[in-house]
Structures are given as structure tokens and as C-alpha cells.
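Attaching a single structure in C-alpha cells format; questions to follow.
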Amino acid sequence: MADIKATWKRLADRSPVIEFVDACLRGVAQVMLQNNPLTGLVILIAIAWGAFDSGNPRLLGGAVVGVVVGTLTAILLRADRDSLRSGLFGFSPLLTGIGVLLFLRGNALVWLYVVFGAAATTVVTLAWNNIMKTWGSPAFTFPFVLTTWTLLMGVYQLVRLRLHTPTPPTLPGHGGAEAAYFDGDTVLGMFEGVAQVFLIASWISGIIILIGLAINSLRSALFALIGTVVAALLAIWFEAGAKDVESGLWSFNAVLTAIALGGVLFKPSVPAVIYALFGIVATVFIQAMLATVLAPYGIPTLTAPFVLATWMFLLAKENFTPIPQHKSYRGGLMAPLRPDVGKKS
Amino acid sequence: MADIKATWKRLADRSPVIEFVDACLRGVAQVMLQNNPLTGLVILIAIAWGAFDSGNPRLLGGAVVGVVVGTLTAILLRADRDSLRSGLFGFSPLLTGIGVLLFLRGNALVWLYVVFGAAATTVVTLAWNNIMKTWGSPAFTFPFVLTTWTLLMGVYQLVRLRLHTPTPPTLPGHGGAEAAYFDGDTVLGMFEGVAQVFLIASWISGIIILIGLAINSLRSALFALIGTVVAALLAIWFEAGAKDVESGLWSFNAVLTAIALGGVLFKPSVPAVIYALFGIVATVFIQAMLATVLAPYGIPTLTAPFVLATWMFLLAKENFTPIPQHKSYRGGLMAPLRPDVGKKS
Amino acid sequence: MADIKATWKRLADRSPVIEFVDACLRGVAQVMLQNNPLTGLVILIAIAWGAFDSGNPRLLGGAVVGVVVGTLTAILLRADRDSLRSGLFGFSPLLTGIGVLLFLRGNALVWLYVVFGAAATTVVTLAWNNIMKTWGSPAFTFPFVLTTWTLLMGVYQLVRLRLHTPTPPTLPGHGGAEAAYFDGDTVLGMFEGVAQVFLIASWISGIIILIGLAINSLRSALFALIGTVVAALLAIWFEAGAKDVESGLWSFNAVLTAIALGGVLFKPSVPAVIYALFGIVATVFIQAMLATVLAPYGIPTLTAPFVLATWMFLLAKENFTPIPQHKSYRGGLMAPLRPDVGKKS
């Protein structure tokens, strides 16, 4: 394993093509806050499985075009090289690519949206990393959220494409949806929730992704599992709609918050775990709020609940001395914010 | 009086229990930007009166649980000790506690919302104090607003609890509500508006609160009165709905803006008073705007108009030389932002 | 020409009245990011033409009252003198003045809204310049947008005035509006789009404004033209409503983004032009998104799409080395942010 890793590193250092492939694979993994090309490859396989299995193979194309265009745009804009090589300009455009293809329908123009959206996501990433740098936090997937929301909501005015989301615009109300309860479908939904991070509806993909996580960080894989289980149980307890729980839609944001707060951003400790659990619960409530806010526009929350929850719990930490920031952190995520850390590692 | 104050201070310094009670009472007073346990006690009596008088005694419970849980959470998160002792981690959770109980209905689960909401409000307070520190301003009651909005809007999706607000979700329109006019009910509404800061509908509570304010700061009490009168008259002039004016709902945000701009943040002077009046008027228009923005979600503005208006008028002040920041300021509110100031006082 | 300029400067230095007139004329020009009183005068003529031609002469009054009250408020608040003289406290209130008169109807009270709105816009300008200073950017016309949105949305609650916008509050949907196509009306709409920056519906005014721009900066005039043409063609391609394209409503935000990114903020170069074109395209999509977001409130986007797009493309620039900030920049726009630069020039 270490041997393969060393060989790959040598290849990436020598060939610009391999270096670019390496950056894109890391970009796939960075959606889950991991800086590891093998994890990225395994996740890409999971996306491919889910895309073909659900009869929507072009989602794989959206992912690949997204990460490639996003990374290329960052190169053209001469973004920070260390961040580029860590895949930090690939992960949000990748999600934009999948999101556009999943929620917009029309002719070939939709691919123009994918390319434009991926490039725009990189610009928004540069801007929001700049904004959040003020408080020592990265932008996470917020650039994906902003860009994709913009493209989706825009088609009500630029009607050449059509929106294809689960629910049409409506005022929020106590709907008549069947309440969720605990059964086998809910358990599968917990695994599907891991894959829903990539907008993929497949519990098998979810398991493959967990394996990919475990390759790089057992702790991240464990917290991803904790996140999806806690969120699903909470959603059942508070009587969320059954279909959404079974599709993992109440879980994917919690998975990301769990990885961020539990697996990456804070040093492991008992209070840190309790704090991460608190963040997971908050993510579920923020998701419920955002679903209400977006109901009149008929668009999904995407990963905004994860971003908002993680920002709150991260920005609150300055006064939170018992859990200092992880010193041995691999440097991937925070690299654009602290270039000196990135260069040392 | 000075004797009681000194005795109390001695007790608080010696006993951690009294110290905690002192911090919680100051937390009650800090809703009104006052750092005084006696003011807090008087306001708590006003809340108790209003809660029992309106047949909703558990609002008092929500206030107490809110301020206690919020302060305890801040202790667990090892927040700045001076800020803690000044009640700066109690005031927003207190409002969350009342807000959740007033606007959500259901079984005992609603108390879980109160506890979770109060704890979450403290996390959001830490995060937003961090954010606003960039511009030398505290978060005011914005953490209460964000957390309570989130919990209220969430119940459209997590339907175990029910929303109980005055108006259901609707598109904004020029409604057929009876326009307000000036009479005895409006005058009582002006006092009720002071109590509505705590979501309490009672003009007697309003008068008790004014007394509590006067104990600590005559100037703050005076500006609270100015705020509620100006806002109510303005709402009448511009034909707001009669019921809302008579319930003080157009006044409570202006009361807070008036205390902040007129009583606490700026050194007294003629231009400062004119500036504060301008801010009071702006608060009324911002409240009207926010009521429209929130109409499709069926939730109230809470104290967001006060926060937004005060931020604007405070952040504009850097170029506003004739009104320098109050040098003799008691240090309570800004302590988390300027710890060196807090330590000196 | 140079002679007139020198004479005018002498007059402005000697007479406070001429100095104030000069600041106001520069304020008119600063809407287009130009610091030139003659450009301001020409644009004022264009506004006058459009106002009288469309049978709504009081729009000229709104513009004049707006810029005068806004600038006076800034003097009273003792704002930075160099910024004041460059017209940087006049441009947003000018737009508020026109916007209030165009979109609100009622009795003489509407003029109170103009005066209050213009003064409030100056406070919001001071606050937002303070906020955006953190990232080295000015507030652009965002204070106009925030203040005018607030006043417009407020009248659903303070019903003494009535909203008079093109569309009533509605949930977004794929409307049955006739799709735009390219013809003579569209070409006229491209010129009208330049005037729509000032909420003026007249292609002749648009041409006069382009002349005013060219007097100060041929590059800005050229990019204004590029902005309106690209935005109109894009709107036609993506099947926006015909009426809006022919009225220039898809163009005016792109005109401002084009001037900002192409004409003022970045040093001219091939990548800078491509970057500006990217920003123009992004502005159109952001405008479509905002039109959807605002549909339930029945209010227009105003210049928010320009502001958001320009902020994104400007804040992303820190890592964008090939396009350094224009060193020979005239100092007008950034003066409040870098007073030392302003003093040198």
C-alpha cells in the first residue's frame, strides 16, 4: 500500500497529466473532507454504480466534467498551487455538475450549464474562501450551493431549460406525508444517506463510499456512520416524511457535519464527541428550516445545512478551549487559509 | 441600596451558587442591555406577572430554563468568564425559551425544544460574537432570532410539534385589517410594547420593566419610553393594523433600538439623540419589511428589526465623529469583544 | 476642455455652493463608477429627457432630491471629505429617490419617503462600506438596493402608500410570457438598458448616457455597450420574456458589471476582458435567480445582481495574479476604503 502510494506520488511529480488526475481524484475525496486520491477513486466508483443503477448514467459525466472544469478554471485563474494539488478547487464544481444534471432538464444546453456552473463555482470558491478567511474557516461546499441554487432558480425566468425537482413551488404547510418509522427501509436509507452527499440514491454506493472513507481515515468513516444514524433516528422521532428518510435525504448533511466536527476539525476527546453530536442534531433542525425557506421556490437545500451548522460550531470554538484545533491535521482543508501549514506537511 | 449591592457582590464572590444566580439575573437584564441583577429580578417579576395574567404561566418557566441552560452551556463551553458573569450568555437563550413555548404547541417534547434551543442559542452567540467582532459590534439578540426562527420553521417538516403563530403562511398583500388610530388602547399598547421585548402581552409588565430599567439607568428607561411612543405614533400615521399597534407589536423593536442607540452605545449629545430618533424610525420600516419577508412562512420578526437597525447605525458610526463611543460605558455589553476593557472595570 | 475643467475646479475650491454642486454632479456619475461632474451633468440631462418623455417628470425630482439629501446627510454625519467631494455619498441615494417615486404611489407622503430613504441610504452606505472594507471592496449600490427593498416591502404593512410594481406577489412558475427574439425592438432595448441603470425607460437617454460615459472614459462606455449587448443576446438565447428584453431590464445590471470589471477595477488585458465577460454572463444568471427569489414579494431586483456578481468576481481576485488591481486607478471609488490613497491623488 505504502509502495503504491510512493509510486503514484513519483508519477504525479513527474507528469503534469498524472498530477492533474491526482488533483481531480483528491477533489472527489475532498467533498468528504479527505485528501486522498485512492479515496477519490473509490468514491468515483460509487458514483458510477449509483448513476448507472438509477438509470441516470450522465450523473457520472456531470461529476467528471464538474471536477475537471472546476480544477482547470482554478489553474487558469492561477489559484494557490498547494490547494489546487489537494483537490480544493474540484469538490464544489463536482457537486454542481451532478446537481445541474439531476435537477435541470432540456436539450444539450444542460451541458453548457454544467461547464459554466463548474467554472462559476470555482470563482465563488475563491471569493468565499476569501470572505471566510476572516474567521479562519474555509467555504466548504457553500460555493456549490450558491451556484446551483442560482442556476436552478434562474430557469423560472430563462425558460429554455426546465426545473425537475421533487416538489413544485408551494407555501409551507403541515403536509399530509406519511410519517417515518423505523424498519429495514430506514436502515438502508441510512446507507443511502452517505451516497446522497453526492446526490446519488443508492445504499450500495453509500457502503462503497464508507469503504473509501475508511481507506483514508477510520475516524471519518465512523463519524459518517454516526451522522447518518443519529440524523435518521431524529427525523423518525420528530415525524419527518417516510419517503425522505428512506432515501437518506435527512442524513447526508448530518454525515458531512459529523465528518467535519467529529472527524477532521477538532482533536478527539469526549467533549469534542459530545460537541459533534450537538452539531449533528443542529444540522437536522437547520435542514428542516431551510426546506421550509425554499418551499416557495421548489428547490432542495443541497448541502447548505451542513455548511451553516459547521460554520456556527466552528466559529463558536474560539472560546472553546478544551477542544483545540487538531495539530496533526493533514493540511488539506485549511491549506488555502494557512499556506505555511500546507508547505510544511 | 449601595449597602445591599456590596453585600450581594460579597455573596456572589464567595458562593458559586450565588454567582450563578447573579449571572442569570444579569442575563435577564441584558435583554435590555443592562448589567444589573436587581433590574433582572424586577424584569423577572414583570415576566411572571404577564405570564400568569395571560393564562400562560409556563412562559415564566421558559424564561428561567432558557437563561439557566444558556448560561450553563456557556460555562461548559468555557466561554469568557467576565462575559459570563455579566449575563452576556443568558439573555438570548432566555428569549428562545419564551419564544419556543409561545409559538410551538405539542406534548412535553416542547420542553426538549426549550432546552436544546437555549443551548444552541449559546453556540450561535459565541459564533456571531466572533463574526461581529470584526466590526466592533456584539451579536445583540440575533442568536435568539436565528435559533427561534430555525425551530419554528422546522416544524413544517418535523411535524411532531405544531406552529402556533398569529397568521398562517400567505403571500404578502394589502390586507383588509382595520387601520390603527390614536386612543386609550394605543397608549396602553405603548406600555405593552415594552413588555413585548420579552414576548409578554401586558401593559402592567411594561410599566414594571420600565421601573426595572430606571433602577439601573434613567436614561435607558427614558429612551425605552421614547422608542415605544415614537414607533406607535409612526405606525398609526402610516396606517398599520390596529390590533398590532394596541398589542405593542410595532413598539418592542423600537424600544430596544432606542435603548441601544440612545441609552447605551453613544455618548449623550443633541446629534446623538437625533441619530437615535432616526434609528427608531428606521427600525419601524425594517420591521414592516421583515413582516413582509416572513409572511410566506407564517413566523414573526422577533427582534430582528432591532438587530439590523442597530447594526446599521452602529457600523455607520466610524465616520460619525461627533458621537464617539461612550467612554464611561459599563463594559458589560462589549466585554466579549474587548476583554481588556472588561478586566479593567 | 481642459480650460473649462480648471476653471470649474477653481470655482469649486473657492465656493462651498459650487463645491456642493460639484459633489452632487459627481454623485450622478458615480452610479456608473465615474468621477466626473460633466459626465454627471450629461447623465442628469438623460434622466430629465427620459422622465419627461415617459410622462413621469417627477423622477427627475427624485434623482435631484436623492443626491442632494444623501450628500447633505453625509456632511451632517461628518463623512470622509475626499469621498464626499468625489460624489461617493450621492449615487445610492439618487437611485433610492428615483426608485421610491417609480414604485410607490400615494399622496405627498411619497416625498417624505424620498427624503427619509435618501438619508437612510447614506447611513447604510457608511455601514456597508465599513463591512466591505474588510475585503477591500466598496458597497457599490447595495445600500440603494437594501433601503429601497425595505421601503417597498414595508408598504404591505404600512399601507398608507401603495406598491406599483410590474407584477403582484406570486409563487415562481414557468409563466406563459412570449419569449424574446432578435429584432429592432431588441436593439433599441440594448440602449434602453443603459438608461435602466437609472430606472429610466428610454433608448435615447441610453445613448446620451453612453456619450456622458465616453466623455470621462472611452473604455467604460465601450464596456457598457458590451455589457448590454451580451446580456440581451444571452437573455434571448435562453428565452427570457420579450417585453423585459425590449425594455432593457435584462441589460442594466450587466452594464454596471461590465463597467466595474471591464472598465474600472482591473488593469486592461486579454484575461481581464475574458474575466469581465464571464462576470457579465454570471450577472444575467444571478438576475434570473433574484427575480425568482423576489417573485413572492412582487418587487424588482434593482441593481442587486450587479452588486453580487461584482463582489464575487472582485473578491475572487486575490488569488488572481495575472490581473492586478489598476494602479493608475483614479482613486474615486476606493477612496473611503483607503484614505491614504485618496489623499495622495
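Letters A, B and C mark the chains in the order given here, with residues in each chain numbered from 1 onward.
The working rule: contacts are C-beta pairs under 8 Å (C-beta built on N, C-alpha and C of every residue); 3 or more make two chains touch, one makes a residue touch a chain.
Computed from a prediction, not measured in an experiment: that's the story for all the values here.
A rotation of 120 degrees, rounded to a multiple of 5, brings the CA atoms of subunit A into register with those of subunit B. In a homomeric contact, the two copies may use the same or different surfaces; for subunit A and subunit C, under half of the interface residue numbers are shared, pointing to different surfaces. In whole angstrom, the spacing between the mean C-alpha positions of subunit A and subunit C is 37. For subunit B, residues touching at least two other chains, in rising order: 134, 171, 296.
On the side of subunit A, the complex with subunit C involves touching residues 77-80, 116, 119-120, 123-128, 130-131, 134, 149-151, 153-163, 168-171, 296-298. The touching residues of subunit A, when paired with subunit B in their complex, are 134-135, 171-175, 179, 235, 237-241, 271, 278, 281-282, 284-289, 291-293, 295-296, 311-322.
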